[in-house]
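What follows is a set of structures to go through.
Look at the two complexes coming up: chain A is in both, with chain B in one and chain C in the other.
Let's look at the complex of A and B:
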């Protein structure tokens, strides 16, 4: 079934299909799908995947029976269970959680940082069927943990979430994706940081082989705000992490990091893109991958420095370890600099595990497998040590041990 | 015989490096191998330690009644062989203390000895480090990472003193060391020397042998040992160079 027919058939279940502006936008998106020749060479969103499987899909969505938000008063923390992309409404003096609204859709559809040929984002906008908005109120410092649950097989989740950190607020957000069923989640997070706010966003991804997870995020940072994102991808199913950041006012920062652990025939596509649109801003983009068996990954990193963005600091780094001759990792760093007073760098190192280091460790009595495991752990040691949440650190360590147990 | 190398020929990437090399080392002996650059000294050290880049064309090596070629790299280490590297490898993210703790326990396990616990190991490490003038803070760092040349060599000797090998191969341990560091390192080696262990010292210069007295000195040229004798050979090399042996 083509996109248009699929959309028309399921229109009644799709959010905001009665809104004229949104309908106009969606018609444009349908045109893009119909006229695009899906040129894999020039479209980063198409690398390593068969888009046909994602375009020619059977739409299925179930409204969940139960969702929950639990507040823990002692620690200013909240536990949210998001089921099929939906979340209960909640309000207190620190946060407000609501369903996503038409205006949130419109607000995002006007943003041009995400290219209009990113078909996954376009599918998300077309078939939107769930999502929520969380506002952290002014000057509050809170923690939120979201468990993302999918209830049934063959669901197609198209979810849009908005996070707004009001002035002076701080949010520590941990999101877990651990789904065992045969479904597809296509999630777009739109994140706004007002002045002097801070958001640390951790994403732990550990889905089973038949679950596809496509996450795109777009963050915008106002003056003196800091956005940090750390992605830990242990999934055995396909994962796409595309994360965009705009530094729109002075002295703001974006730090986008990710680690992925791939094996078997799994694939992961990753992208980070930081736009420096104001002076004195900093960005950091670091992705590391460990690939075994016949797994494949891509990582595109991009720093764009506008001509007004003087005194920019922008750094990119990509590293990969290939544990098998059949694994592949394609990395493409890009810098576009239009200002003249900047410090920017990029680097990319991908290769097999260092044989000299293996020899050194074995010559002290360690077995080859123990030496390999210790070198893999050391490769991501800095990232693991930087996790200051004990519970999360333990969870990541356990997942790493599980991954390493399969390394031969 | 403790270590017996018989008619050993080795090549790497179509280049013959060791050619019918013979060498015997008994328990409690200190042997020195001297030779010009490219004579195959480090290749010999690497082949003994088990590095897999080399192709063994001919010959046999027996170590403590084992056919050495039947043992892989870690088994050789666990049997009591230790190579102090000429260029110790930097391994960021691997902390020295747990790494050495794991190394000593892998050896003890093979020897059917009880594993050493955290506290006893910490005490042992602290005392050995202090003997070698190694700052305790250095033990919190990653293996060889950010170390100066002298620190790396001292750290190799620290590992040796912890693992207490039966046969220690020192591959140009003196290179890159100033006179004070050389003294600390050689003192460390001399302290380890007993009638039950042996040393194979590879060096270009006599200087190292002023501090560690060898029982035998061998001259290696073009992949073979061309002359063997006592300390007088080292003095001869110091005076006239390697030219006359080539």
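Let's look at the complex of A and C:
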């Protein structure tokens, strides 16, 4: 079924289909789909992807029977269970949770950082069927844990979440994606950091083989704000992590990190993009991957420094370890620099585990497998040690042990 | 930034093109435009056999169906292929001169202005020069000596006549005519270029060299170079380019194919300083060049060295296909862009064989309002066991209106292959400048010294004859008078 028919057929289930402005924007998107030749070679969003599954899909969405639970555990700490991408409204003096509104959609549709040929973002905008908005009020320090649950098989979730950190606020956000059904979630997070605010965003992804997860995020940072994102991908199904960050006012920082562990026939596509639009900003992009069996991964990183963004520091690092003959890793670390007083660099390595290191450990009496496991753990040790939440650290350690047990 | 720095930058970016002059020679050329008749005309002018004409026409039919590749970070008006002369030969060249005294004195004068005194250079540098002046070989020197060793060094036109077997076997084997639209265009209309064949076990005793030169206005130059190094042989080839000043953009779409058989080594060096356009970005050469080398045999090696300072647009990716086991590919590049120049250059290393190694060193320097992009691809295929790559690309920005971009593509499908890539972008270090100034160097000298140091890793790879010219060029591109 083509995109337009699919859309028209399910229009009544889709958010904002009555709004005229949004309809015009969506017509444009439909046009893009109809005129695109799906050039896999030059379109980053299509690399390693089975188009048929994603573009030519069967739409199915159920409004959950049980509403989500929002608990105020103790002071400043909340836990939310979002069911099928929905979350009930909640309000106190620190946070406010509502449904997303038409204006949030329009606000985002004007943004041009994400390329208009990123078909997954376009699909998200077209078939939007759930999502919520969380506002952290001024000068509050909050912890939120969100568990994303999907109730049925074969659902297609198109979710858009808005996070707004008001001036001086600080948010520790942990999101868990652990699903065991055959659904596809396409999630777009739009994050706004006001002046002097801070957001630490952790994403833990651990889905079963037939669950597809597509996460795109777009953050914009105002003066003195800091955005840190850490992605831990243990999924056995397809995961796409595309994260864009804009530093729009001076002295803001973006730190996008990720590690992924792939095995079997799994594929993961990753991208980070930082746009420096103001002076004195810093950015850091670090992705590390371990690939076993016949798995495939891509990582695109991009630092864009605008002409006005003097005194920029932008660093990128990409590291990949291939454990098997049939794994493949593609990386494209890009720098686009239009200002002269900058310090920017990128590094990228792909290779096997260092033979000398293995030899050293084996000469100390360790078996080859044990040596390999130790070296894999040490490869990502830095990332794991930087987690200051004990509970989360333990959870990730357990997942790592589970992954390592399959390594031969 | 202080006012002195600004003044220096100003003087740097307003540098005049020293080689801009037009030699007034009547050119023998057919009508503008590209069609089958033109291709037949070119082919008959060159007395080509029928199989060659068929080959050209096949390429032309492919070109008609193709679009220009669009990946590069370049902005330029659409090229009107029907507004270009596809063949131009200085008059009276149907009969070739036997030695230099028969050559048009104006032509000799042109080279003298460029600082390439043919006669002198022959003796002094021991270089055999195969000069191409608007598509026809003018003089091929040192031929006799090379013949003794069995080396064939002639224009591709001659090779088609005299060595059809080699041409049939190798032409288009590394760059198929249907690879992309510029290679198809070149295959259809190429007029001249060099052909080199080094027989088994021969080490070529001298550096072979060609000076290309675009002269007649609106003539796209479509050079075709083919170098074959047979088993165990060695050759070093130099290519240098300077073109006169013009207002219209001229198109240049050359194809260079290198083939290294078992144990052979080819070193290909280029210094390119074609007219880059004036301070407003008017005019200049459009340089769309396809260069590709095939390490066909075991233990073979291909090394590309380039210094790119000219052309309004440079679109050039000298690549290596490392097919033979233990073969080595190298790429050293300095690209300097000034005013409104745009360069999108880099390399492609495709590792197919076991134990293949490649090394990429790229230095980009942007001044004025120019854009300089490194775009490279390193890929390890499934069977490239123990393959190794090291890539380093550094960019230097001088002034805040220019841009420096790095776009590497890295693809590994083999778990024993190791790849390392690093890149950095920065401006000229203030501390280094301060140190140099303190030791009594002027601001210009200091900048020149630092930039030359920045490029040294690449410049030292150039053969002696070129190294001097290249260093001069780097300085000229930067600062006019101070050397």
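FYI, the second predicted complex is superposed on the first by the 401 of 408 C-alpha atoms of A that agree within 3 Å, B and C clash if a C-alpha of one lies under 4 Å from a C-alpha of the other, contacts with A are read in each partner's own complex, and residues count from 1 in each chain.
In this text, contacts are C-beta pairs under 8 Å (C-beta built on N, C-alpha and C of every residue); 3 or more make two chains touch, one makes a residue touch a chain.
Keep in mind it's a predicted model, so treat the numbers as computed, not measured.
Undergrad: In the superposed arrangement, does A:378 touch chain B (first), chain C (second), both or neither?
TA: In the superposed model, A:378 contacts chain B only, not chain C.
Undergrad: Does chain A have more residues touched by chain B or by chain C?
TA: Per-residue touch count on chain A favours C.
Undergrad: Considering only touches as defined above, state whether A:332 meets chain B (first), chain C (second), both or neither.
TA: Touch status of A:332: second partner only.
Undergrad: Where does A:363 make contact in the superposed view: on chain B (first), on chain C (second), on both, or on neither?
TA: After superposing on A, A:363 lies in contact with chain B but is clear of chain C.
Undergrad: Between chain B (first) and chain C (second), which does A:320 come into contact with in this model arrangement: first, second, both, or neither?
TA: Touch status of A:320: second partner only.
Undergrad: Which of the residues in chain C come into contact with chain A in the complex?
TA: Residue list for chain C touching chain A: 70-71, 382, 395, 397-427.
Undergrad: Where on chain A is chain C touching in the complex?
TA: Answer in residue numbers: 42, 307, 310, 320, 322-352.
Undergrad: For the complex, which residues does chain A have touching chain B?
TA: 354, 356-357, 359-368, 370, 374-375, 377-382
Undergrad: In the complex formed with chain A, which residues of chain B make contact?
TA: 49-52, 72-74, 76-78, 82-83, 85, 88-89, 91-94, 99-100, 102-104, 106-107, 110, 142-143, 159, 163
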